[in-house]
Each structure stands twice: as structure tokens, then as C-alpha cells.
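Once you scroll down, you'll see the structures, which are given as C-alpha cells.
Paired with subunit B in one complex and with subunit C in the other, subunit A is shared by the two complexes that follow.
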Partner chain A sequence: MGAELGKYKSCVSARSTDKAILAGAQDGGIVTTLFAYALEEGIIDGAIVAGPGDMPWKPRPMIATTYEELMAARGTKYNISPNVSFIKEATRSYGLDKVGIVGTPCQMQAVRKGQLYPIGLRDVSDKIALAVGIFCMENFPYQSIVQLAEDHAAMKLESVKKMEIGKGKFTFMSERGAVVPLPLKVTHKYEQPGCHVCLDYVANLADVSCGSVGSPDGWSTVFVRSKKGDDIWAKSVAAGCFETKAIDSVKPGLELVTKLANEKIGKNQKTVEERKTFGVGKGLRIPYI
Partner chain B sequence: MGLLSSVFKKNDQQKPADVAKAEITKKEVKPVVDKITVGHVHMSGCTGCLVSLADNYGGLLTILDKYADLVYGLTLADVRHIPKMDVALVEGSVCINDKLSVEEIKQTREKAAIVVAVGGCASYGNITRFCRGGQQNQPQHEAFLPIGDLIKVDVYIPGCAPTPQLIRNVCIMAYLLLKGSPEQKALATNYLKPLMMAAQKGTSACFCDLMTEVIDQGLCMGCGSCAAACPVRAITHEYGKPQGTRDLCIKCGACYNQCPRSWFSFDVVPEYESIMELIDTVMK
Partner chain C sequence: MSKVVEISPTTRHEGHSKLVLKVNDAGIIETGNWCSITPVRGVERLAVGKTMEQVPKIASRVCGICPIAHTLAGIESMEASIGCEIPQDAYLLRVILQLANRLHSHALHDILILPDLYIPGTDTKINPFTPEEPVRSVAKRIQRLREIGQTIGQIAGGEAVHPSNPRIGGMYKACTPRAKAKMYDLAKEGLVLAHQQMDFMIAVIRNFHKRDWAEVGGKKIAIPKDLGFHNQGYMATHPFYGSTSLDECPTWDYDRFKEVRPWDWYMGEMEVDLADPSYPIGGTSPVGTKVNPQMEACTGIPMYDGQPVEVGPRARLAVFKGYDEKGTQGQNIAREMEYTDSLYAMLNALDEYDPSGPVLADEIPCGDGSMGWSANEAPRGTDVHLARVKDNKVLWYSMLVPTTWNFATCSAALTGAPWQLAEIVVRGYDPCVSCATHMIVIDEDNKLVAQKLIQ
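Up next is the complex of A and B:
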């Protein structure tokens, strides 16, 4: 177990047993199913998820307190949903005592920093009941997604049915069945610059983190990390929410996850280093202390 | 008279034994001999920071029972002049038009080993930055500065109000730093480091810091922490990036300091589980 995958108690390949969830899931429907189980069991009172926004494929942070609301937020949008912005609001206006939140690795870092250093997050620390992280190589601004869909994939954004990054391609799939895989070397320049200093690929600080990489199509790789995560994951599996396979029994397995994690961290560590000598005798700020 | 005298007589007879007994039971048993001494110094603030400290409820009593003796505090301790102490928790900015305030903040620096600026006003001036004087009954009091403009400050606890949990964490870490095992001292040092660096960074903060130090530096990734932290809801996210209504900003510094891309410690944050367990254990 190398540092690139963070601390974890167990790792499996998993898929939801809920057919309705799988029908609109990105991969194995892990996040939606886990939140649905936690809601049902009272482990969480609600979850901060990336719900539908005011434009096609534009997410908006939303507090889901029902199965239907969770269903509406399924799938990856590949652009920014500031989920952490709702973390105090969830405990105030929404009155949640046990908050679930899903987010990218950087958002998990924000949640944990917020729990240890709650500067403007009064009474939030002990109300984070389940933080689910998703693997993330990089994110895109909304306008980049517009440009990629319309200029590169020649699709109207409202006609896009699914987006997917995998196997070296950013693939756009339309409602009418068109499939346009864009090579990642085309999409790289549209990435959000803030992602290039991120040193976490598999959401090391989540309770449970998941992503498609490492597992077969339609399945997700799941890392169970914290005591809380371990407890909830074990209960949800016992309740029959997930089919699981040992991670070393599936292809491509952890080897690929490790490879991609090292690629991301290596590349971004280089970016961080380069910031120090960015100008002439002057560098850019580095947040890590 | 007969009845009364019998009572007195009875009391007289019992007195020596009772007094001795009482003396024994009154002796305070200190479970932790090595408490640190803490004072709350009240400058020009709204007492919200003190209320936040008190909002630890039972936790405050645990802190005072086991880890800290409150040796000074305008409303909580009957002490007139600032005594020697390990940690001074300073609330509020300093009115430089008020001799006593200036004198007291200087004394605080002399008397305290560690000076902690508690809250937005002590750290960054906060809402007192907007004062133009004219308030009764001292209308000439118009100029207020964060304490760091007058004395060296060791640790910042930003936020308006600062959260009870962060004040608690800093109190515990200050105790571990001064009285803990070498391991605990190392943890406390790592934990307090970013808050000490914040104190070194300066006395000015507002939404603009997010712009100049995070967004303009290409570091923002749209997590949303700043909007969650803002006490006046001045920050929204447009297309995933923070937008501040700068007229609403009270210059408390919460957004900047909550941001994971303003500062982030890989020594501390990944250990969140064990640190939160430690805090739970010591607060029991």
C-alpha cells in the first residue's frame, strides 16, 4: 500500500444492486446507493450532492433528503459543483444533525480542514456523518464543457446523454446515439488550472472513496478508509445494497489505480515545484505548509 | 433560652471535630497539577468571542477543570489588573484613542507567554475597521487597530464569531504544547503552525485576499469553503468560482483562512481522525 492511494482499511470492486440507480449511474452507482442506504437507516439526515443546475450539465450543490432527490443527482458532470459551500447551511437552514457530502479529493481536503480548523464553520465538525470522495484526475470549468461538447464533439449540450472519461478519452454520448471520443490531449488545455496543484487522486481523506478506474465497466473501485466509513460500508454490504468482488480478482485492478495516482501526483508535484521559480526571481504562492 | 442554649451548647461541643472535618473535605483535589493559566483580555469587541468560548458549555468546564485556570477575565474572574499568564486570549481590536486600551494590550504582551488574537477584530480589525467615531458615550473614540498592529501576536483564531470548536482546539493544543509529552508537543506544534503563520502574515484580511492570494494565483478549484465560512453571506459561486459582494464584506478573514488553498497542512489534516478522537478523549 503506497502513499499514493492514501490510508485504507479495505478495497473492493463493487456495483449497486438497485437497478433503478444503475440505469442512470456513472459507473457502479456507489455514491447514490450508499447515501440512499444511509438516509434510510438514519445514518445521515441528508446529503450534499451535485444536483441539476439552471443550464444543461451545470451542477448545483443541493441537499438531498429523499431517494428521488438523490436519483436526480446521479452521474458525473465533469464541471464544478461547490458542494462544501452548503456544509454549514445544511446544519442551519436545513437543520441536519448528520450530514452526508460527496466531493472530489480537494473537497474532501476542505471538509477535513474545516473539521479540524472550523474558522467559519461553527458546530459543523461533529455533524459530518459520511463523506464520500470520488476519484478525480482534474475538473473543468462549465465553459470548457460547453466548448468541448459544441466545438470538439459537435453536439448541443442539451442533447448530451452521458459524459465519461476513461481509457484515455473524454467521451460524449448523445441522446440519439452518437458517440464522440475526444483524446485527452485535446481536452487537457481546457482543465481548471487550480487542479494542477492537487496531490490527491483517490480522495484520501474521504470516509469511503470510489471511482471507475481499476474495475470493469459498470463497476466501481471502492476504498473504505475511516472507522465511520468501514462501519457504514460493512452494514450496507450486509444489507444487500452492493455486489462486491475482491479487487485482486478484477482487471485492470489496483495496478492501474496506482499508476494513474502516481501520474497525477508526479505531474502536479512538478507544477508545484515550478511555481517557486515562475517569474524572474519571483514565484507563485504555494498553499502547502 | 433553654432550647437555644442547648443548641449552642451542642454546636460548641461539636465544633472542633466539625471544623477539622470540614477542612479536610474542603481541600481541593487537583487531578491535573500542571494546569496552564489563561486570561481573557477584552479590547473593543462585542463579547461574541467570549460567548463563543462559553458556548463550549460543559466542555468549557472540562477545560477549566483539567487544563486551564482562568486567571483574568472582565466578566469571569474577579481580577483587576492583568496578571502573569501562559496564554492570553485577546478579543477585540484596540482603540488607539483610549489610553487604557493601549496600556492594557501592551501589558498583555509583557505578561503573557502566548498571545492569541481571538476573532476577526483582534486578528484583522473586522467590523471595527468601519468605525468613524461618534458613538456614545465616547464619540471621540474613532480609530481601532487589530492587536497585531501594536504588539507581536503568536496565534490567530480568525472568524466572526470564532467557533467554539476552534477556540477549544487551540486551548487544548496550547495545553499540550506547554505541558504535554514530546509526541503531544510535536502534534500541537504542527496543529498551531498555520494559525501562527496567519499571525505572522499580517493584520489585514477580506474577500480580496481570496482574489489576490488564491484565485489570481491560479489556486482556486471551486470547493465552496469560502462561501460556507462567510458570516455575512457575501460570497456566492458563479460557474463554480467565488464571487464576493464586497460591500457586504466585514473584513473578518474567515473565507481566506477556511480556504484549503490559502493554507493546508499535510502534517495535520490527513490525521483528522486521530486528532478528533484525541480531542474527544481529553474533553471527556
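Up next is the complex of A and C:
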């Protein structure tokens, strides 16, 4: 394939140097630290992040304009947070001029499409200052997460401390120390079907994209993609926000990222092909990158 | 002997209208007919049966210059019909939105009238698009004022054009303290520019009216000292916002209003027998063209106390601030004076606005079909929307928009002016013709009499 990791200027394995961020981070605390740095330096004046919702583990998009608000949104919640829906409001009643946004690959596609064709997004395009993408194999509806936690992992969602997908397992960790790894074979049927036509694993259209895959535990793999992303990343590293290692010096390294990206694209390409002939005499419309 | 000349279409204003003028041998207008020929939008018919939330959003689409006025007037007429009072902070956001709209609309009007005016001390007309100074910096200032108005509108109202934030019962979203500070900073910047712009415009407007002649189509046309004078009354409901039937002391009275048919007011069928091919933008209509303003006019003629009235900046200043300058000059100067007024009022509203206050009424009644009206002081005059709402659905809806009020008044004000300057008189009203075109006219017996026009 060759294009599965998208275009990027550099790729490193990195970890935040902020202990407070790392304490509640999913992996290397990249997104929170990068936004905190950008906020402090005035590169952005607010960031759209997946904040805590009204139910446990249900994210709700929120606009963080302070370090404290960013801290409240740390960590991955494996279900849908419609961050792009806030992108216009951020420039309106929140009065932001430089917006940061974090999202999955599909959300990065939406942001870029919105910038290119700003229908319903008047005066928004030029206000996206930093778009951070996260690696994504697939997402889950909230009801699936409830089912997986309560039925399969046998723990109340309120008592789940952390969720993690890695090494072929969807792992639930409870506050009382229980660790339940569910094989992905079990969780597949709970996935959001719409994800099965997505051909982007590593947020190809973000300024900076990151995820745990490819780096050791507690570290994240970071792709720096755009000129803007490169500039901000270089400054934040120079300011001592991150410790970094060359990606080829860590295990499992880019090899695994490439493998998983190809797995996702290969698998979803099949769904795309199937949909083309779905129905009688006509296919379903296929989203494209 | 009288001759008939037709200028169609008129230019440098919003919408599509034309002038049919009966002039004497000296070219002075005896009877002026300024009529809208924009096709009927039919918003009032579309509204019937829709929910009260939908209708103001549809009504807003009648025009892109003052959609904010239409949205606010539409929403407030619904609120007046159902009897819903909105929280103070929602009202303040609406005031800010309203004034932001006024700021950018007035700035746009400056661009439209500048080509009529002269650089003082010269016989050179102002071309707002020239890269040369001093005009260039004026054009940039106008654009910045428009930008400020639109950005503030965007923050308070969700969108600069067709605002999404206002809703029945208040507003969807309150603005954050940061957004409030941003609007305040923008308004402060705008205030400095508005003072400069007002001073500049008043100087060039006064300079124009002091001149003996203006050049139109290569000819020198004498400028009368009473250009655009009329003896009709003024109607205004508030210095900058408006009034509704819910108010303790409403400043508009439904019982004093009546709408008549255009053919009681305009001239009947005639033939053009005076033409000037050198008149700007392609000349006037050729001799022999059949005209029939009675049938072609797509508006009703609204009357207040049995007479057409003038609405707009001059009317507001005359009613509330004792302003007494008449004619086109007075009208244009009044508009410039509103620049700073609107920014001061906006700053006051911003000072008062509390970002943590509620912006939605606790209870929004469904309506019992009673009539409610809202008069909103749009940039170009009083925009009255009337509605009857029952069980959330709109039973009846009517829009009396600013330029509709001004059509007949302006037609009267044309009398005595050289026909070549008629468009300058028209532009003094800052007409917005497309929304003025609304045409379901019924006579005293509630019989539809406008059928012929929409066939």
C-alpha cells in the first residue's frame, strides 16, 4: 500500500513531561499537553475537547479555555463525542478567534471539508488554529459501552476507572482493581457500523496525530503532518513539554502502526466494495477521503 | 406639456425597482411613481400553518441586508401573540444584534451613495473603488465598520446574515464573558471609526447639496435646494430598537394603520415619450415603451393615520431627538448620525449584559390565536410584523417592511426634482426593495383584490 500512514513531516514517540497530566492521561498525554502549551502561548484561545458528560463515560464536547478544563477532559472515552458540532459555536457565543480541536480521523476529515467548503460555517475556516487527530480503529455507540462494561466485563460503568484497547484486547479496569480484558472478537459486533467504511487509521488530515500504537506503554506515537503542526510541535518540544524518542528506537515501532492501518483499510475496503453492489441495481453511497 | 420618462431598473440599492416619472418641459417631475417590480416572495402565505419557531426563520430569508430585523420582528410578533416575556439578558443580546445590523447596513449604504457625491472643492465624483487616496482609506474604513458590525452580529446572533441564535422566548445561547469582552473591544474600535466616517460623510453630503449642479449622463443638472422635500409625517417606534403589543405603552397603533391598493396611488397605463440614452447604466427606457405602474407595482400602500409616512433614520431622529432637517440631505445626514448613536447604545447594552443570566423564558405559552405585532426599527425604518398564533401554529402573518412604508412617501418627495436626480432622492431612503414586495392585498370586505397582479 504505502499511503496508509498519510503524509507526515516527522514521526516520534513522545510523552508529556507534566506529571499531573500523565496521571490521568490515556497514554503519553500528548493532546492535553499540546493544547495546554498552545493555550498558554496564545496559539489557540480555546480547544474543543471531549469533556465529561452527564452520564459516566459518556463524553460531551466542551470548549476548554483553561488548563483546569483541559484536565477534566483527559483520557479516551471509547464512544462518540461530536466535537465538530461545536466548531461554529466556538467562534460565535464563545468568542474564540483561534480554535483548537481534537478528533478521530473522520472528524478531521469533516473539519477539513468544512474549511474547504464552508457551507453553514461562515467565518469558521480561518479560525481553526490547531487540529489534533487521534488514531482510531473504530468507535462504539454509548449503549455498546454500557453493554460491554456491565454485561461482559461485569462492572458498573460508574466504577470503571480506565478503558483501553491494545494488544488485541478491550480492557476494562475498575476502581477496585478488577481488570477484565475482553477479546476484540467479542467487541466487534458492538462497533458502530458507520466506521466500517472508513479508510483512515491515523488521522491523515490532522496537523498533528497521535495514538498509543507503535510506542511503549505510557508513550504515544506522534505524526507531525502540516507546516502549522510542525511549527507548534517543534516549539512545544523546545519548551520542554515533551520528552521524545526516535520512532525507530522504540518497540514495536512504525511496523505495528503500518500493520494495523493496513488491517483497517483492508477490512473496511471490503465493506466499501460490498456496499457498491448492495441493493437492486444501485449501490449505497460511499464516503470517500 | 407633460412627458413620461422611465428609469428601469434603478441602481445602487437592494432589490429591483423602477421609476416612472411625469415631467414638465423643463424636466421637473410633476408626478413621481417609484414602484417595486421584484417578484412576490409569498412569505406571508408560506407562513400559514407553520410552527411559530419556523416562521421568523423563513421571514428572515426575504432579504439578506436586514435579515436580523426580520428575524427579531418575526419572533417578537409571535411572542406578542402568545404573550411571552423574555429575560432581560436575552433582550440585551437582541439589542446588540440589532445595532450590529444597523452598523453594517449604514456602512454599506455609504458605498452605494458615494458615487453620487463629489470630493469637496472639486468637480470629481467619488469612486469608492479607486485605489487612490483619500478615497481608499474611506473605503477601507467602511469595510472595517461592516466587518465589526457583522462580527458582533455573529457573536450575539450566531450568524451575521440570518441569525440563528434568537428564538421564541429569548435566545438559544448566552454569550460567554470572553465573547462579551470581544464584542466590547470591537464596538470601541468601531466607535472611533464611526466618528471619523460620520464626519467625512456629513462633509461630502453637505458639499453636494451646496453645489449648483450635478453631472448626470454628461449633462449638468441644477440641484434644487428642496431636493427630496415632502410634507408627509414621520413614523418611528424607538430610537434604536422597537416596540411590541406586549409593551406597557406600545409606540405603534394597529388601529391607525391601513393598507390600500397600489392602483389607487400609482398612475395608470402610459407610454414613454421622453428618453435619454446617455443616462447612466444604459439610458432610460426608449420612447414608445408601454408602462403601467398601477399594474406593475408589487406592493401595497400602507398608511398611518390615512397618509403615507416616512420611516427610517430621519424619522427616528425627528420623533425622538427633535431633528428637523428635511429632504434628501437631511435623510442622509440623519443616517450618518446614527452610526455613533448605535455604537453608544451597543456599549451600554454590553455593559448591562450579564453572561451568567438566563436567556430563555421559563414558560413559553402555545398561543390562543390573538393578534400580536412587533415593530422593529430596522436600519431603513420601522419593520412591523403581525401574527396570530394558536397551539404553536401560525394562523396569520403579515409583514409591513420599511421600504413599503417609504414607497408612496418617496414618490411624493420626487415632485419638484429634476428627473435626472430622481435616483438620488430614492437612494436617500436606502431602499431595500425585495422585502418590500409582499402582495396579498384585501379590500375593506376582506376580498382578495391583488389577484390580477400575481397571475
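Methods note: the second predicted complex is superposed on the first by the 284 of 289 C-alpha atoms of A that agree within 3 Å, B and C clash if a C-alpha of one lies under 4 Å from a C-alpha of the other, contacts with A are read in each partner's own complex, and residues count from 1 in each chain.
Basically, contacts are C-beta pairs under 8 Å (C-beta built on N, C-alpha and C of every residue); 3 or more make two chains touch, one makes a residue touch a chain.
Just so it is clear, the model here is predicted, and its values are computed rather than measured.
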item: Touched partner set for A:Arg122, first subunit B, second subunit C, both or neither; value: both
item: Between subunit B and subunit C, more extensive residue contact with subunit A; value: B
item: Contacts of A:Lys227 with subunit B and subunit C, given as first, second, both or neither; value: first
item: Which of subunit B and subunit C A:Thr65 touches, first, second, both or neither; value: second
item: Subunit B versus subunit C as contact partner of A:Glu89, first or second or both or neither; value: both
item: Residues of subunit A at both interfaces, subunit B in one complex, subunit C in the other; value: 89, 122-123
item: Complex contacts: residues of subunit C adjacent to subunit A; value: 151, 154-155, 158-161, 165, 173-176, 178-183
item: Subunit A partner contacts - residues on subunit B that touch it in the complex; value: 52, 157-166, 169, 191, 193-195, 197, 213-214, 217-231, 235, 237, 239-242, 252, 254-255, 257-266, 268-270, 272-273, 275-276
item: Residues of subunit A touching subunit C in the complex; value: 45, 65, 89, 91-97, 122-123
item: Sites on subunit A touched by subunit B in the complex; value: 6-7, 58, 61, 79-89, 103-104, 106-107, 109-110, 112-123, 125, 139, 141-143, 192-199, 204-205, 226-227, 284-285, 287-289
